[in-house]
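Same chain, two partners: subunit A is paired with subunit B first, then with subunit C.
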Partner chain A sequence: MATINLVDLKKNYGPVPAVKGINLSVADGELIVLVGPSGCGKSTLLRMVAGLESVTSGRIEIGGRDVVRAEPAERDIAMVFQNYALYPHMSVRQNLEYGLKNRGTPREEIDRRVREAADILEIGPMLDRKPRQLSGGQRQRVAMGRAIVREPAAFLFDEPLSNLDAKLRVQMRVEIRKLQRRLKTTSLYVTHDQLEAMTLADRLVVMNGGLVEQIGTPVEVYDRPATLFVAGFIGSPPMNLISVEGLASAGQSLPLPRGTDIVGIRPDELTLDAPAGAHVALPGTVELLEPIGGESHLHVMLGNGQTVILSVPGRPDIAEGAAVTVHAEHAQMHPFSKETGRRTDAVANP
Partner chain B sequence: MVENRPFLSFLTHLVLIAGVLIVVFPVYLAFVASTHADGEFLSGLVPLLPGPNLVENYWHMLTVGISTAGAPPLWIMLTNSLIIAICIAVGKIIISLLSAYAIVFFKFPFRLLAFWIIFITLMLPVEVRIIPTFKVVADLGLLNSYVGLTLPLIASATATFLFRQFFLTIPDELMEAARVDGAGPLKFFRDILLPLSRTNIAALFVILFIYGWVQYLWPLLVTTDSRYYTVVMGIKRLAATADGEPQWHLVMAAVMLAMLPPVLVVIFMQRLFVKGLVETEK
Partner chain C sequence: MQTKRTIFPNKLLPYLLLTPQLAVTLIFFIWPAAQAVKSSFEREDPFGFRTTFIWFENYTRLFSEATYLNSVGKTALFAISVTLLSMSLSLLLAVAVNRVLRTNRLYTTLLVWPYAVAPVVVGILWWFMFNPSIGIAPYLMRGLGIDWNHRIDGTDAMLLVIMAASWKQISYNFLFFVAGLQSVPQSLTEAAAIDGAGPFKRFWTIVFPLLSPTTFFLLIVNINYAMFDTFGIIDATTSGGPAQATNILVYKVYADGFLGLNIGSSAAQSVVLMLIVIALTAVQFRFVERRVQY
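Moving on to the complex of A and B:
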């Protein structure tokens, strides 16, 4: 149980900055997901918190204690690695016990914690097997077990699910969420999978190029992306970003904050039928229709040559090449400035 | 693979059997010779079937030896060889494990240079540097001692290189997990790296034991006291008699006994040996 504070944290690899000054406060028991494209510095950040990567400047506080100079083992954290990093020559039980033994935990205490973790993760029957005899999902459980038995101040997850197949990933994602709720351990979780990020996070930290783009709950980030990058990164299919000139050339004008030259509209906010409220209407032709089960994605090329994606319910009876008009309500539009990359109607969002 | 055709399998077996015969026949001859009585070979004909003197010859060789050749009883030489081979194998493994560990897992200045210097010594076998090495060992007063016999042979670039290659395959995350689990460098080495290297160590032990056992030139140079003779160099002395016929039946008994330990090591460690060469335990 602890808070984590990152204060102006920086990391350079030689002259190349990887993390360019991060400020983040994680509340006790909170699960924070760091999400971003590869190379955005999210893993480096996590490894700095773990103590596996040196800090160029800034402070890391875990439970109020500055740990920048502390060894990983002294930081009271537990880490779950992408490829599990189980010790191959040790049985599952020995894997769980190893960290505790190194700390000189009494035998009865070790046994109790291993038993508890095995119960929680349902790996009791596998305790005497070797990691190579386990499936991917089971190994992942053991890796989490190794974190749980330590009863640390914080869990650090480094893309723990990316080695699993899609089905197992969903299942383990749910389990991690339940587990974290139950143990109420402060957690930092790194992923590049936005679905994982959206479903797991109490708060989301979207990173790009070594900087934080936005911090907020998944709903906040989805509903009010603070920057163009976040708008394009969160959501699948991504938000449509239409230039204001494009709107104007279609004979549409709408009240926009000063400095707006791009508007973003979520694919599911675009409609083919005209909505009741104030809206814009953009003529175009259907380029591609992708049925994906309960809904379909409609790729429409607008008059200015830009393609937007609509997600529409069911399977609309539209042929590719047909002329359609795409409608978007004013209220659903996110105004951005191309120059600053930020929202132009931002009020309180940093 | 190749189809199963009777003629082909006959041919392949024929080739294999021929190969085995070529390799085994001299050994068989040595064995046969070691079982006959003195004087059987004076006629110039070597019998092809074993004779009746097996136990007698071997017992004589082990306990008495050929005193005229200035060699001690064979058991002393066998013991010497055993001590030296084990010292060399164990010493080489320890030193190369530690240097490979340093090179792979620690970042220090001139790390690569250190590795390349070790690697370059591969080009300098014992025979090339034998005179300076002898000088050093002699000046240190290590002639006629086990230290003198083993120490110059212990540094090993080959083993260091093999361990380095193996360590490079161990994922960094394993070391990081150990760090988070509170294992320092030595603990990581002992608890994780050593157990993982088990099969590699076994395979290298076999190779290095035999390397140590068959050392000929170096023991010949640094020993003048017959108490430190090794068996491989000893055989040479047994066969070299100034006048008169070498006692072939006894020499061959010594040869058979000298061959025995490496064969046993290979047989008993074969499983681990093969595993160590082909399998990475991960």
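Moving on to the complex of A and C:
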């Protein structure tokens, strides 16, 4: 149980900056997901918190204590690695006990905690097996178990589900969420999978190029992306970003904040039928129709040559090549400035 | 397992293609080995005119002979010392190099050089350095009050051959240990660090156990090396002396057979060595092939 504070945290590899000054406060018991494309510095940030990477400048506080100079072992954290990092020559039980034994925990206490963790994760029958005798999902559980038995101040997850197949990933995602709710342990979770990020996080930290683009709850980030990058990164299919000139060339004008030259519209906010409120209408041709079950994705090329994606329910009876008009309500538009990359209708948060 | 199979239309051709290798094996390995086994059951008169078949007398005599039993003891001492010394030093060097990130290629290259030196040259090198009359090492040691003379002192002689033989083998062990260390995933030591294990504990509880296949392989190779490949080093430094102090089994075969001209006993000794090699090879195949399990 602890808070984590990152103050102006920076990391350079030689002359190359990897993390360029991060400020973040994690409340006690909160699950924060760091999400971003590969190379954005999210893993480096996590490893700095773990003490596996040195810090170039800035402060890391865990439970109010500055730990920048502390060894990983002294930080009272547990980490779940992408490749699980289970000790292959030890049985599952020995894997779970290792950290406790190193800390001189009494035998009865070790047994109790291992039994509890095994119950929670349902790995009791596997305690005497070696990691290589386990499936991917089971190894993942053991890796979680190794973190749980320590009863640390914070959990650090480094893309823990990326080695699992799609079905298992969904299942483990749900379990991690339940487990974290139950244990109420402060957690930092790194992933590049935005679906994982959206479903797990209490708050999301969207990172790009070593900087934080936006911090907020998943709903906040989805509903009001602070920057063009976040708008394009969160959401699948991604938000359509249409230049204001494109709108103007289609003969559409609308009230926009000063400095807006790009508007973003979510694929499911674009409609073929005209909506009730004030809206714009853009003529185009259907390039591609992708039925994906309950909904379909419609790729429409607008008059200015730009393609937008509509997400429409069911399977619309439209042929590829047909001429359609795409409608978007004014209220659903996100105005951005191309130059600053930020929203123009509000003071963006970070 | 899928194998590539070539079908020869001519029945004779495959045998013809095998002939050179078979000839080499038969002439240089099987035939001399058979001769050694045959001679080990015979006694030859001093002038080589007459040989008598004497069953196991060479062997029974061998094992009641004090010098032979002494040689067995010296060999055990020598082999164990060389194996432990060269393996522990090379592991230490490998761990050190593995920690250095930028210059480790340079260190690796430098540390591999001794392996390219021929055993006899190694022997001469150390003989020079430790030569009681002209060597630098005894000169320095005299300054420290140590009197070194491997020509007179059996212990000094044994130390010298152990040092020389270990030095040459360090390179080989080092390469294998470096490769072994690099195959231990970084994340395991990181996980252990988070689990509260200090560097020393991490090494002994995580890295070393994971190195065990490499260590076991090297153990067998080093025993083999110390027992059979060190002839050149012994010959160039001590020639088995003083007073049998460094007369290891493989050197004694040569000394008794070619210098002492006791062909029967020498042959019996080489048959004993052959059995040891066979046993070591069997162990190696049995366990190294299967790998030390973890």
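One rule holds in what follows: the second predicted complex is superposed on the first by the 348 of 350 C-alpha atoms of A that agree within 3 Å, B and C clash if a C-alpha of one lies under 4 Å from a C-alpha of the other, contacts with A are read in each partner's own complex, and residues count from 1 in each chain.
Just so we're on the same page, a residue touches a chain if its C-beta (ideal position, glycine included) is under 8 Å from a C-beta of that chain, and two chains touch if they have at least 3 such contacts.
Everything numeric in this text was worked out from a predicted model, so none of it was measured.
Engineer: For the three-chain model obtained by superposing on subunit A, do subunit B and subunit C clash or fit?
Structural biologist: clash
Engineer: Should A:89 be classified as contacting the first partner (subunit B), the second (subunit C), both, or neither?
Structural biologist: Both partners, subunit B and subunit C.
Engineer: Quick one: is A:38 in contact with subunit B, with subunit C, with both, or with neither? Answer first, second, both or neither.
Structural biologist: In the superposition, A:38 touches no partner, neither subunit B nor subunit C.
Engineer: Which subunit A residues are contacted by subunit C in one complex and by subunit B in the other?
Structural biologist: 50-52, 71-73, 77-79, 81-83, 85, 87-89, 98-99, 102-103, 146
Engineer: Enumerate the contact residues on subunit A facing subunit B in the complex.
Structural biologist: 50-52, 71-73, 77-79, 81-83, 85-89, 98-99, 102-103, 132, 146
Engineer: Could you pull out which subunit B residues touch subunit A in their complex?
Structural biologist: 171, 173-174, 176-183, 187, 191-192, 195-196, 198, 281-282
Engineer: Which residues, counting only subunit A, touch subunit C once they are in their complex?
Structural biologist: Residues 50-52, 71-73, 77-79, 81-83, 85, 87-89, 98-99, 102-103, 130, 146, 150 of subunit A touch subunit C in their complex.
Engineer: State the interface residues of subunit C toward subunit A in the complex, per the touch definition above.
Structural biologist: Residues in contact with subunit A: 185, 187-188, 190-198, 201, 205-206, 209-210, 212, 294.
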